[in-house]
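Attaching a single structure in structure tokens format; questions to follow.
Every chain is named by a letter (A, B, C, D and E) in the order it is written, and numbering of its residues begins at 1.
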Amino acid sequence: MRADHLSAAATLRVDGLRKAFGEKTVLDGLTFDVSSGEVVSLLGANGSGKSTSLRCVVGLERPDAGTIVVDGVTGKPGEAMPTVAMVFQKIHLVPRRSVLDNVCAGALGRLGLSRSWSVLAFPRELQEEAMACLDRVGLADRAREKAGRLSGGQQQRVAVARALCQRAKVLLADEPVSALDPAASEQVMNLLRSLADDDGLAVAAVLHQPDLARRFSDRILGLAGGSLVFDSPAAEVDDDTVAGLYRPALEALEAAEAARTKEFA
Amino acid sequence: MRADHLSAAATLRVDGLRKAFGEKTVLDGLTFDVSSGEVVSLLGANGSGKSTSLRCVVGLERPDAGTIVVDGVTGKPGEAMPTVAMVFQKIHLVPRRSVLDNVCAGALGRLGLSRSWSVLAFPRELQEEAMACLDRVGLADRAREKAGRLSGGQQQRVAVARALCQRAKVLLADEPVSALDPAASEQVMNLLRSLADDDGLAVAAVLHQPDLARRFSDRILGLAGGSLVFDSPAAEVDDDTVAGLYRPALEALEAAEAARTKEFA
Amino acid sequence: MSIATRPPEQAVPPRFRPSGIAVGVAITLGLIIVHWYAAVQTNTSPKELIEGWRGLWNFLFGLDKTFPNGKTIHQDGAFPLDLRWSETIRPGLEYCLLTIWIGLLGTTLSIPAALLFAIISSRTTNRFVPLWLAGRAVMSVLRAIPETVYALMFIAAVGFGAFPGVIALAIHNVAVMGKLWSESMDEVDQGPVEALRVAGASPVQTAAHAVLPAVMPSLLGLLLYRFDTNVRSSVILGTVGAGGIGFFIKTEVDSFHFDTMMTYVCMVIVLIIVIDLFSAWLRRKVGAV
Amino acid sequence: MSIATRPPEQAVPPRFRPSGIAVGVAITLGLIIVHWYAAVQTNTSPKELIEGWRGLWNFLFGLDKTFPNGKTIHQDGAFPLDLRWSETIRPGLEYCLLTIWIGLLGTTLSIPAALLFAIISSRTTNRFVPLWLAGRAVMSVLRAIPETVYALMFIAAVGFGAFPGVIALAIHNVAVMGKLWSESMDEVDQGPVEALRVAGASPVQTAAHAVLPAVMPSLLGLLLYRFDTNVRSSVILGTVGAGGIGFFIKTEVDSFHFDTMMTYVCMVIVLIIVIDLFSAWLRRKVGAV
Amino acid sequence: GSEATTQKAAAGGEVGPDQICPDGTLTMGVEPFEDPKTLIPVYETLGKALGEELGCEVEVQISDTYVAEILAMQNGKLDIGQFGPLGYVFAQKQAGATPLASFAGEDGKVSSYTGGIWVPKDSPIESVEDLAGTTLALSESGSTSGDAVPRKALIDAGIEKDVKAEYAGGHTEALLALVNGKVDAAEINSQTLASATAEGQFDESAFRQVWTSEPILNDPIAAGPNMAPEVSAAVQEALVNLPADAVAEIGEYLDFTPPAGKPALVAVTEEDYQPVSELAEALDLTTDDL
């Protein structure tokens, strides 16, 4: 079921990504790739640069250096790439719009203004395609409900449908399940898995639960300090390797607490 | 070190407390007592009525029935009792006022308006007493800093100092450590312990960590559905008893998730 | 209790640093001087006000007095009100209606331009700095001119009546509502905006599909709030000749019919409270504050 | 990709329910009728607006027109401005200063009463419902009366000039600022309030030691915002006779000196923008929005 | 100088500064209704000269409405005041004011001006009667030449109900409404006409005057009700005896040269303003409410 790791055929290839905010270097030559049909998890401590790397790929941040290639096309820094979609932790649907309109919005990039100035202008074919995407995530029957009325897990699936409607080849997900309860998390991870398996998307997900990462992904990338620490098939990543990612952060925390206790004593 | 449980000499005695919000009965004949020099922990699932019971004791809610007796004095329902102080989870200091002024505010109940219309009117003796209270919690050197500038643990200690300055005999604490990191939690629990041991206060604390409850309290009260399920010396409360408190809530959660999964399938 | 076991009492640290006291005294003195000077310049004096209560009394309740020059004056005061139906109340209701129409048109005619300015002047919808700056500058200038000054200008330019009042209100409102709207667009959740930007949406598309749906209730709430304010302003505009009940309030004062004037004022009070309640109700209804 | 494996496409459900369409059409029709009626009542029409535009142009830039009898006349417009120093600019600056003084006193004199009303009308500081209701009702009535009407009334009490303008602003401001302040007290964090209530503090003590320290920056911010607004209102009051630059703007219109009038208007613009910037700066400084 | 003051006081009878202005100042209200830009300096000069005559400081206060002046007079805030003719009628009725003096014309008698109604040159309107069914711009309520006098003309012609008369807000506004073609006819009085023509706002040859009013006596200066008759007589005396240099200065502002040796102001009585009073009554302006 899980595709082999074929670096040569990578759909998304990120090479030498660098990004600094002021003095602070957040990404330090990050390089990785994700192939079609593959789910890759990114693990790393808070502040290790996971979100920043994804935001650079989709053009929400402008990297200082590095190239991003999708399907052989090199992206311009700081600009959106139509073939790359993103699913956020906080989902970011427009809560007052219907589920269907939210999904249609994924296609805005390829619509002229005359067919997108209002939801009333969305062409019939687009609405039909959006219904198909909603069906794919199992929510076709909720199409006309307000997006804000759905539960967290359902909203996250609508966000995936919006990404599908964008006709993306690469799906990036930044902590897609950390706001969800365990049952909803399973649903969403299953969906990501099936998008890779059945639809051939390249999926990269930032996760904070190593267990989920091991169960649902082909490869796991470990980030620390803005660069890659390991890149291994999911089965080969043991508990120690994972713990190593978070250790420096833990130590810092403990040092701070010790200092505070001393001050009190 | 830990005082025996002497019900007859109880400093705080709560008897048959009842409270309903609309249709919903939140407290259902709750009865418990706390003696001078004793720390009592209250455990219970979310919504079991822990906060409501404390709020009834300090007069923030008006109970429908029941009596509250402190040191032989019966409180009027819905009115503050000068000898009972409360420490909140969210601490509730005035962040823009200095630490010292916040502590002085604990004494407002016994000051006339002419000596309390402004912080400038606080009498010298009060300020000295407040400094002593601050010294008791180890923060005398921060007296003129803005309360909002301190860390969470330090702020919680200032809140305790404010309670001391109120010359309280009974200290109620509603989740006093749940917003704090582990080191700060230890500090605050140690402080509560020493207030009971060294100053002879009667301390009742709502906690969500059974471990802390067992380590720092003399007795543990288990609440469920607004009434007492158990009342035992801390050492005698085993893991099973505690787990029993939270079980109904867990079951409800699982049922909801199952329903949601089915809907998705 | 063991107060005795406590450590010796700590000294209370001083409340103010000397530099802080100096700054405080300087600011207080400065404020006193400015206010004293302002009071002199405007002839403000508590004495005048206290002595003046007689004048206010006469104005409100009438005057019967024989003056030193031998003349006896009778003047009707504002109370009791003039409640004649066909001479006062009925025309008063008509004038009130006209005032509402002026306020209404002054609000709604400004919607398209206000929306344009709001979109130009919000960072969420326009990241092209020169245009953004220009939008804010134009609004600042337009907003700085009070409605009555617009009214005076338009009365001088295009004639009298309700129409210049409508234009004056509309222009002023473009600037004020544009600013309020752009601020509420600035505060919108950036999440959906970023999500659509990732999907390749242009700024205009982002505005139409992420920003506007999110802010619509608060825009509507602000619109209703401005309607409320504009009806009030339209009363004021009336007193400089731009029609509506304000004009008749001024006319009655000019004819010393204080009771009729006070009747109109009471109608204004009722009118504005009713509009206030109505717009509060509607705002709750559309879910904006 | 395997679009082929997807289930057959689902039909798109209809966007609107028939009942929704009916309601929407009814509301739209209602709004159109109301606006059409309002436009008729106020003589608002696109034609008027275009003709008005011509008149405004002449007003602003002068007129060179050949009349039917073959004569050509020349009329000076508002531009170029009248920039004579001692006749226009210097007195203009003095009038501006007076306007500032009126706005300043109108704001600060209202502080004590506004604070009282705010405390009475906030649920945080006053839980005695009859008093709370009374406070809000009085403020509603006071707020509904436009400043110009107050000015007319107080002219009777204290004579004319700047002083009645100050009182008019102050009374109106008591109601408006009292409302704004009470709303910001309502929104204060209830935590410290409850904490002090538990410690046995009386309502007044709670207000002094928990509510006021928490809301002080936002009260100050609102005060500065009102200062800003009151200077603008004081220009308006000037046009109805309460002194300051507004009075001279009206005077110049009455004397056909449109260029001088426009100079004064420009000074008002600069004045109000400067005050705007100053109060925005001060508000940032004290940490209120 | 104090010497001159004593002299004048003696000339005015037994009344000196102590009776005229017990606290040293005499307040004079000015309502520059018709042409503020010219009239304010005139009254400031006049006030100064009057003060020197009376041995009091005369404080000139500018108002834009006679209502303010009248209320201030009632309440003792104003000792004397200048009014428009109609304003004076209200002052007499509501505040018991006594007229003292008004500006003299070239002939040494009280100066006057006329109200008028103007139409475009090519208009079919030839007389007041023709105004029926047309729109007429008036200035503002309470104006003598801009409201009362033309309205009386319409009443006399029996067409008051047929004319759509609207208040423009001021004389200027009424004139501009006509120039901009907003109305068929407009009220333009002789003073507004002069200043608008001087400013280049109005070309007389493009318009035609279809009606002229009887002469309206110019603004009187009147004494408030709290002034005893002998005191107001002294003030009247001082007003008509202003020194020549002050008269010349005032003449400069007013753009006319007072005949040598003639006074700038002449005494007026209630009778002089009787026509305006009757006008007000005819228009139902001052009748008490029923």
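A few notes on this one:
Heads up, the rule we're going with is that contacts are C-beta pairs under 8 Å (C-beta built on N, C-alpha and C of every residue); 3 or more make two chains touch, one makes a residue touch a chain.
Just so you know, these numbers come straight off a predicted model, no measurement behind them.
Path length between subunit A and subunit D in the touching-chain graph (shortest route): 1.
The chain pair sharing the most C-beta contacts is C-D.
Note: the chain lying farthest from subunit A is E, by mean C-alpha position. In this assembly, the C-alpha centroid of subunit D lies 36 Å from the C-alpha centroid of subunit E. Measuring from the averaged C-alpha position of subunit B to that of subunit D gives a distance of 48 Å. Each of residues 119 in subunit B touches at least two other chains. Shared interface positions of subunit E, defined as residues touching 2 or more other chains, are 65, 67, 71, 75, 77, 170, 172-173, 176, 180, 182.
For subunit C, residues that reach two or more other chains under the stated contact definition are 52, 55, 58-59, 152, 156-159, 161, 240, 250, 253.
By the touch criterion stated above, subunit D contacts subunit A in their complex at residues 1-2, 5-7, 9-15.
The touching residues of subunit D, when paired with subunit C in their complex, are 34-35, 37-39, 41-44, 48-49, 51-52, 55-56, 58-60, 78, 97-98, 100-102, 104-105, 108-109, 140-141, 143-149, 152-154, 156-159, 161-163, 165-167, 232-233, 235-236, 239-240, 243, 246, 249-250, 253, 258, 261, 265, 268-273, 276.
Interface residues of subunit C, counted against subunit A in their complex, comprise 189, 191-192, 194-202, 204-205, 208-210, 213-214, 216. On the side of subunit E, the complex with subunit C involves touching residues 65-67, 70-71, 74-75, 77, 90, 94-96, 98, 137, 140-142, 166-170, 172-173, 176-177, 180, 182-183, 223, 225-229, 232, 285-286, 288-289. Residue ranges of subunit A in contact with subunit D, taken from their complex: 98, 100, 119-120, 124, 127-129, 131-132, 134-136, 140, 143-144, 198-200.
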